[in-house]
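Both of the next two complexes hold subunit A, though its partner changes from subunit B to subunit C.
And now, the complex of A and B:
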């Protein structure tokens, strides 16, 4: 998986490319840990993300708990297959997806 | 004419996840399984395998995969010799809770149940046997 971070002031955009699974989720967790302190807007761009498993969902949920009260957190450009995983798991209701 | 039976035995570790998924995807493609279904089956198998890799053994052990193809369906049997664990006996997580209230437990097995057509668990000869069937 590729992780591309773009910081503009207090706004961080994280674009993911490839698969967010058991083997790659710890990379994302590591990349985000400590990068969110001053962030008031976090956008995760899933345009080039093909696949997500529960390990990836776990990271998205952790981030959601960190961002709660700090500012905006949304996920954009979600493909149909990943949207289905969000639907099955109820993540569609707890994440802001655009 | 492609064969109908395939078998893979690996050590149950996260590092072997892509070996398992590669094996699976190769044979699903040979049997004309649509891409979208391959993706869903991969998800189910990742969740089932990672459960074994993380919890079944005190040290390490193996997971066996048997694939059996019929017309328009695949049956994947995963066998491990770890401690007895029936994933189907666990209660489904409450998917209506808010982010603050949500734990992450149980999501994996929920994904297995929702993406496969049927899932069956057996305990035989000190082995856990999970039989996952998907029509396509």
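And now, the complex of A and C:
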């Protein structure tokens, strides 16, 4: 998986490419953990994300807890397959998805 | 001023064109053009700029200055070697033919060849030294300097038989040509590099490459060596030039001196001879001598007897003077000895009175001799007609000549029309302190000259030669030397850079690449970079370390494998795995299986009968895999079972389990779960879903269809979630199938998912006797689907068939 971070002031955009699964989720978690301190707006771009597993969902949930009260957190460009996963797991109700 | 403006304009053209071309090739349709076509286009454009350089050159000191060479260098440095070579050849060939419409013929061959060479030079450097990247401006500047130095050397080489004129051209062109061309290249490279940096947001790397460090040191060292050797060469050549000039001047001075001496001696001897004859006739008393001195315009006449004593004289003080008492006067005693009959001395101080200068000659009588002396004023008057032409035709080299000035400091004879003027006006700075036969510098009519002088017979003879002419050999040698050193040092620099790159940098990169492989997890990588002893040692050292590490890792892995096997056993032991599970119950059939992707998985299923008549079954999927998932799974499983056996509603089980699982869940683990209660008496199925995949349900004689149910949020994700209960009625013969996403998200080599539609379809076309064969056949179909690909997720299935109502 490829993680492309773009920082503009306090706004961080994270574009993911490939599969977010058990092997790659820890990598994303590690990337984000240290870099969310001063962030007031976090956008996850799923344009090139092919697959998300429960381990990936876990990271999204963790990030959601960190960003809660700190500012905006949204996920954009979600493909149909992944949207279905969000629907099944109920994530669609707790995440801001555009 | 206009010249500077014009030259600057010429220098700016390649910069502007480079920027335009850079942006033009950003346009997608142009960017797609084939590399070689692009290079050709760029080569032609810069070739045209080179031609422009030739056609719009600026004439300075008889030579045409232009920025032709900057064009191929810019093309090569910025856009790539081939374009530089093309531009170089276009510019060079056009320069060859440009003589037909006005370009200079003198440097025709040199200019043509060097423009071609410079293009090739730039291309070679671009490829082998700068690795096809745009170099730093400072290197571009150096490349420009070396390129133009080659150009200047070519002017010498192609006009080797006319070195002096070639040198005049080179001397006039070198500084402006090198400056304008190297500045143009450096400027263009600087601008393009800045644009490229801005576009790629590339920041300067904080670490310095080994080649860069050595390059810096090398440049400093070479510049120092260059400065020292050039200075040394110049000093030696300067010394030789001055000594050569003095030799030339001195030999000319000696010639004129000899001529004046000869004339002066002859003149006085002639007068002395006449006076002697008259004395023999008339006697030599004081009165006669005085009359004779006036008649012949001499200063004094003495009669010296055979003892050397002055007996008679026109100057009464001298009477009685002993000629042997002074060195100067004693020389005349040769006339008494009878060795010679006449004797003449150069103009000099006299022994009797050191403040007085005289020229003496003597002629012997039968007894004693007559001595005649005169001062410079008198004999110079006599000599004037002879001296006047002595320097007129004396030219030294092309610019040099001579001056002869008399006792009064008036120039009597000159090679450059200075006759009649005062010497001190003609030769500034001349004075009595100026020593004979020594080289001095002066300015005359705005030109600088070396000069030397001698002072025979009261005359001052000056010989001079233009410093430019005198130093032409020195300057030529120095220029040649400087040019050669620039080229040699550039070659040396490039060679050292190459060696360093080939022997050290490339091998380091190879080792680093292989190390990245190893770090990336491929411990079987063998480092085999062995071009020399040091790298062989390094390679062997790393290989040994990696092998040792590998053994340790294998050891650790074996331990972990053992532990995982235990964990798997424990996990499996916690799942009901004995089938038929309830051989004594005929109301339903149930089968379930779980295949973890790793040794221990995060999926689980469970089923049990509560109150004797309710079958509870569930399938769940914990986020992640491995030990953490397995631990969380055990916790979730026991919590759910505890609540289920407590006899509360199916949705409340999930609501309560969520509350418990959120507690202390710092790791953010969660679990999806579908749980159902089947009342065996009535066939009512009550179920609740916490973010799990929708089950498939099949009515007797119907088809499998996805159950329409609400999706609650996952368990353990957020506190306070309330789950909903739904229900439906099952009749004998109805079936329900639960599974985890490992089934529908199994992925094949084409990255296709197994998918919901395929699952539904497979279940409907499959034939099976009971729940067990159904699950096994489905598993086979899934395995077949992703054969050859890794299993990403646990695959769990649970199938229930309601066969008949429970009866007491």
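Assorted remarks:
In this section, the second predicted complex is superposed on the first by the 98 of 98 C-alpha atoms of A that agree within 3 Å, B and C clash if a C-alpha of one lies under 4 Å from a C-alpha of the other, contacts with A are read in each partner's own complex, and residues count from 1 in each chain.
Assume contacts are C-beta pairs under 8 Å (C-beta built on N, C-alpha and C of every residue); 3 or more make two chains touch, one makes a residue touch a chain.
Computed from a predicted model, the values in this text were never measured in an experiment.
Judged by the touch definition given at the top, the superposed model places A:25 against subunit C, while subunit B stays out of reach. Contacts of A:68 after superposition on the shared chain: subunit B is touched, whereas subunit C is not. Using the contact criterion defined above for the overlaid structures, shared-chain residue A:81 touches subunit B and also reaches subunit C.
Contact with both subunit B and subunit C is seen for A:93 once the two complexes are overlaid on the shared chain. Contacts of A:10 after superposition: neither subunit B nor subunit C is touched.
In the superposed model, A:51 lies in contact with both subunit B and subunit C. Judged by the document's definition of touching, subunit A residues 21-22, 50-51, 53-55, 57-58, 61, 65, 81, 85, 88-90, 93-94 lie at the interface with subunit B and also at the interface with subunit C. Contacts from subunit C toward subunit A in the complex involve residues 597, 602, 621-626, 668-670, 672, 690-694, 711-714, 717-718, 741, 745, 747, 751, 753, 792-793. By the touch criterion stated above, subunit B contacts subunit A in their complex at residues 14-15, 17-18, 36, 39-40, 42-43, 46-47, 50, 95-100, 102, 104, 107-108, 110-111, 114-115. Note for the complex: subunit A touches subunit C at residues 21-22, 25, 50-51, 53-55, 57-58, 61-62, 65, 81, 85, 87-91, 93-94.
Those residues of subunit A that touch subunit B in the shared complex are 21-23, 50-51, 53-55, 57-58, 61, 64-65, 68, 81, 84-85, 88-90, 93-95.
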